[in-house]
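Below, chain A partners chain B and then partners chain C, in two separate complexes.
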Partner chain A sequence: MILRHTRLAGYSFVLPALVLMFVILLVPVLVAAVLSFTDYSLGNSTADWLAWKNYEKIFTRSSYQKMLWASALYVLIVVPVSIALGLAAALAIHSLRFGANLYKTIYFLPVMAALLAMAIVWETALHPTIGIVNRSLEAGCGGWVETFFSWGWISGVDPEGSWYASSCEEGFPLWLGEKRYALATICFIGIWQAFGFNMVLYLAGLTGIPRELIQAAAMDGARSGWQRFRLVTWPMLGPTTVFVVTITAIRSFQVFDTVEALTEGGPSKTTYVMMYAIYEKAVEQNLMGMGSAITIVFLMLVMVMTALQRYMVERRVHYS
Partner chain B sequence: MNTGTYSTTGELAKHATLILGALIVILPFYVMVSFSLKSPQEIGTHAGGFFGSQQAFLDQYCVKLGNPEADCWRNPAAYNYGNAFKKAPLLRYLLNGVIVTVSIFVIQVLIALPCAYALAKLRFWGRELVFGLVLFCLLIPVHAIALPLYIMLANVGLTNTYAALVIPWTISVFGIFLMRQFFKTVPDDLIDAARMDGMSEFGIVWKVMLPCAIPALMAFAIFSVVAHWNDYFWPRVVLTGSRDLYTPPLGLREFQGGLDGADTGPLMATATVIVIPLLVAFLLAQRKFIEGITLSGMK
Partner chain C sequence: MDIKLERIVKSFGSATAVDHVDLHIKAGEFLTLVGPSGCGKSTLLRIIAGLESQTSGSVSIGGDTVDAVRPSERNLAMVFQSYALYPHLSVRENMTVPLRLRDLSAVERMPLLGNLFPSRATKMHAIRSKIDQAAETLQISHLLERKPGELSGGQRQRVAVGRAMVRQPTAFLMDEPLSNLDAALRVHMRTEISGLHRSLKTTFIYVTHDQAEALTMSSRMAVMMDGQILQVDTPERIYRNPADLRVAQFVGSPRMNIFPGEVDSLGRIQTLEFSLDNVASEPVQGNVSVGFRPEHLRIVNGSGGHDFTLKVTHKENLGADYFIHGAVADGNHQVIVRATPEEVTGVSIGDELGIGCSKPSSLVFGDSNKRIDLRPGLTQ
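== the complex of A and B ==
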């Protein structure tokens, strides 16, 4: 009696979630998959079947190749740098005698702040006339700062040809407006925002490593800190690293706010990342078929990344 | 060799590096708050330090409107924050933000909690299948399927409504997964005792399991509220018309878009108003927040 009664309850509890999972998560994937073979646009009752034409365009047209390239480059820069910085900060903070919590708090602030708002603030800070960044750089011209950062004191370096010296001559860059710098600047904001998150995960990983293990390694002859890191700390952080790499990759793959607010994909499509392309093609230009095709390519890449992570985590669990 | 002692130079070097990093991290917050307090002239010339001089300045726009000069002297901070609320319906945006984030969280819990309980504690045919589906759906980020969702909502005429802002987030497979793992640790005896007392399964979910789950639910609340207060992409996609429904980030973007040079102060004031509530909450309950935001790291 109780069993039948709980079984009914089970179905009725699961049903709403099940319906929503289908309608909100699974059906849209199918909708996108079907529309990606058409030239559908909102307001039209019919659409033509294009077969693989949209996908062909993604991999052959130069503007879409630039899109794939911009996304890949963004991920390939933001992931390693934000992870290296997060790990370095975690290691330094973990070994501090005092002040650890203060640094942790400060480094976590960007994670909490709305990225769109902070992107707009960065734009102000990087502004050529009112921005604090270029102004501070200009203030260093002609003094010891320029001498130092022109690297002339390193033998064999020509200070005149250095970036700092020539920028002092010709003016500092328009960080978001020049082809050479735009993507790097967007990456910088991404790293600024993400590395505190990685730091916190690494700190949690570090507290999980028993002290005795590190001491034992020292006893066994791992004399330098680097050796102990390589032999004990880094392998013990393996599961954390797998997780941090995937979540950072998936998140940076979805970058949108900074690009939409600061560069709109430009200059000359150097920051034309996939999420922005979906938005521009589909929402702004009503090319739903093309937008759907990019969506499907995007989903495939995200799913492969997550599946890879699960596989690696599971493999680790089995032999530890 | 001895790992138990610290070197003072090492400690100092670490502090030096960490302080340098902290300065770069804080830089935009410094710029944001500082500019929100300064007059346009001070912003243009970088005068006045962090707080600005707070001396009254002549509002050129006010003069252009034909007002006598004497009526157009303004205190910079009051001018910036005043304009943040006057030039755009910032209060409305904030209210929308609260309505949307709270609705999303409440509906997520209403849907996820019973489902998680059923998956953790009730036996029925197909349970593992449903759980497998939850695990599969964890692979699909909602932002990635924003476009088909938008098309579906457009076809049923729901774009530009609160519903459109909320619907895609009503199902949190992550929430289901998290609560299921948590409910697994709740002893069966507790549930059996409740059944003996004649409590229905529905009653058990809300009167027994929910109180048990408050700590986990708090962390999930922080996770959910921070994500949706700060979200820009989805509102940008689904709100194409009226500003009445704009959430705070969208409102800020709108403000930036229609900007002329003199409005940097009010723009920074708007950004401050949008960013500060979460930052203050974070500073007050750091441990809870870090726990909540890194929840997805504990899978």
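== the complex of A and C ==
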């Protein structure tokens, strides 16, 4: 009797947590999963069962293929570059005797600022005619800046054919309006925003490396900083790197603010990333079924990517 | 190769960690730098290693000044207090590191690409056999494939020594390598490290705060205090013939008993209630400190024949020996007397004991802690 009572008490203690977990975390995903098989729109009382049709569209229609491609490109560019920059900045700041806090604050500023607000600043800066970027570039035309950046002083390079010289002739690009540049510009802003965060994570990792290990490497004959980095610093940063890669990849997959504010997925869907597609389908066009289907694909991709990272990296990383 | 330190000074801001140290370490000797924590011994070792740069003075190895030479080029091996093993590498890989860095060229060390060089295979083969040999000497052959995290403290210690050993350095620098081990293992490793020194015949420079390690292991020991070397000599002479009161008190366990004394115009020395047979050989007059090691005091039974009396406050049983702690009758001085178990049967706390001193063994120190030589008194 006593046993049954205690068991009941145990379940009733656990129950609220279980209920909350289901209602808040799992039910929304399940609802999205169910909706993704329908053509439901908000406000409709019924919906038709479409089975796999929504998913079929995602993997066959060219606009959705562009979506997958844009997201993949964005992640593949932003993750490695922002991690490499973050690590380099962390190593540089870690070696400073003084002024480290100042640099940390400055590099961390873009992380603290709301990306949407910063996107407006970038939009102004990148404006084709009145933006500071193109105005500065134009100011360099005809002078030594053009001579230098036309690379004519390197033997075997034709200065006339260089990017800077031809842009001076034909005008500088519409950074957010041309197919060639739009995604790269969005990536640049993404990197600008993300690397300060990675730097802070790596700085925390660096302080955890015992000084004696670096000194042991020096005594063992590691002459250059690169040798000591390869022998001690990089392997000891393994756990930090796993975390940084996972977080950056997920955050990059979730990019939305800059696309919404600057390009709205264009031109010709070159910046049509998944988050923006979900927003466009589900919110703007009220195609909940399609939006849900993309959401589920998005979730699957992130899960697969994270699992893959853990599997690949965990075997090689040493956790002490 | 001899290692010479000349007028080494190291200051951190206004604090001086090492204060004009001169030291000549002979090839093949086991020199211990011993002193209380904060005396600058580790800093001095790190200056020899090149991990710390001296404020002034110079270090030379085998006649060549190495002040501008980086630690990686000095061919010294160091065993750290924390062992500093690379946690992500196996024991074998840990021991391979110094040899790989020394023997392989940059291209041969490259992952994958290095395998294309046939010279790499022969070199790696030679390295492998050296490591197997060292592992056998240290009895860690069965641990070679493990990671440092899977080893006990004593095993890590051996691996750290092994990593230092494989490349046959000019000298081994050891920074308190035994202080993270438990007491029994520490005593055991003392003999092992001494044995290693005998078989390798390489210079060992060993830093410790434990005077027992210094006494048992070294061929010479340098006692450091407040950034200065007070005395460098063999352990026997440091123990019997300390040049400084601070050396006398630091070396020897339990500590030497110190009594206040006075020297009169004839050089006769008076302390507590008795005077010494010998007189000061120098014309010093005034206050001195008179030191007796615990083994130079003995319990005198019956009345008379004792030099002073002692009230027992504590009996310390070490098995073969007893240490009797007590207060001298005037109540101001604590004394420790070494005695055999037979002598202390029947002695209990609170008893008054008569204590006799072995007067020829007394050590007298004058102003500024300097030792005063004694000679037989003329009045005898």
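Just so we're on the same page, the second predicted complex is superposed on the first by the 284 of 320 C-alpha atoms of A that agree within 3 Å, B and C clash if a C-alpha of one lies under 4 Å from a C-alpha of the other, contacts with A are read in each partner's own complex, and residues count from 1 in each chain.
Note that in this section a residue touches a chain if its C-beta (ideal position, glycine included) is under 8 Å from a C-beta of that chain, and two chains touch if they have at least 3 such contacts.
Values in this document were obtained by computation on a predicted structure and should not be read as measured data.
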Which of chain B and chain C A:L201 touches, first, second, both or neither: first
Touching partner for A:Q215 - first (chain B), second (chain C), both, neither: both
First (chain B), second (chain C), both or neither touched by A:A32: first
Touching partner for A:V157 - first (chain B), second (chain C), both, neither: neither
Partner chain in contact with A:R223 - chain B first, chain C second, else both or neither: both
First (chain B), second (chain C), both or neither touched by A:V302: first
Which partner, chain B or chain C, touches more chain A residues: B
Touching partner for A:T6 - first (chain B), second (chain C), both, neither: first
Chain B and chain C contact sites that coincide on chain A, given as residue numbers: 215, 218, 223
Touching residues (chain side chain A, partner chain C) in the complex: 210, 212-213, 215-223, 227, 231-232, 235-236, 238, 318, 320
Complex contacts: residues of chain A adjacent to chain B: 2-3, 5-7, 9-11, 13-14, 16-18, 20-21, 24-29, 31-32, 35, 40, 42, 85, 89, 92-93, 95-97, 99, 103-118, 120-122, 124-125, 129-130, 132, 135, 192, 196-197, 200-201, 204, 214-215, 218, 223, 228, 243-244, 247, 250, 254, 256-257, 260-261, 275, 278-279, 282-283, 288, 291-292, 295, 298-299, 302-303, 306-307
Interface residues, chain C side, partner chain A - complex: 49-51, 70-73, 76-78, 80-82, 84-89, 97-98, 101-102, 147, 149, 163, 167
Complex contacts: residues of chain B adjacent to chain A: 1-4, 6, 11, 14-15, 17-18, 21-22, 24-29, 31-32, 35, 43-44, 46, 111-112, 114-115, 117-119, 122-125, 127, 130, 133-134, 137-152, 154, 167-168, 170-171, 173, 176, 195, 200-202, 205, 226, 229-230, 232-233, 236-237, 240, 248-249, 252-253, 256, 264, 267-268, 271, 274-275, 278-279, 282-283, 286, 289-290, 293-294, 296-297, 299
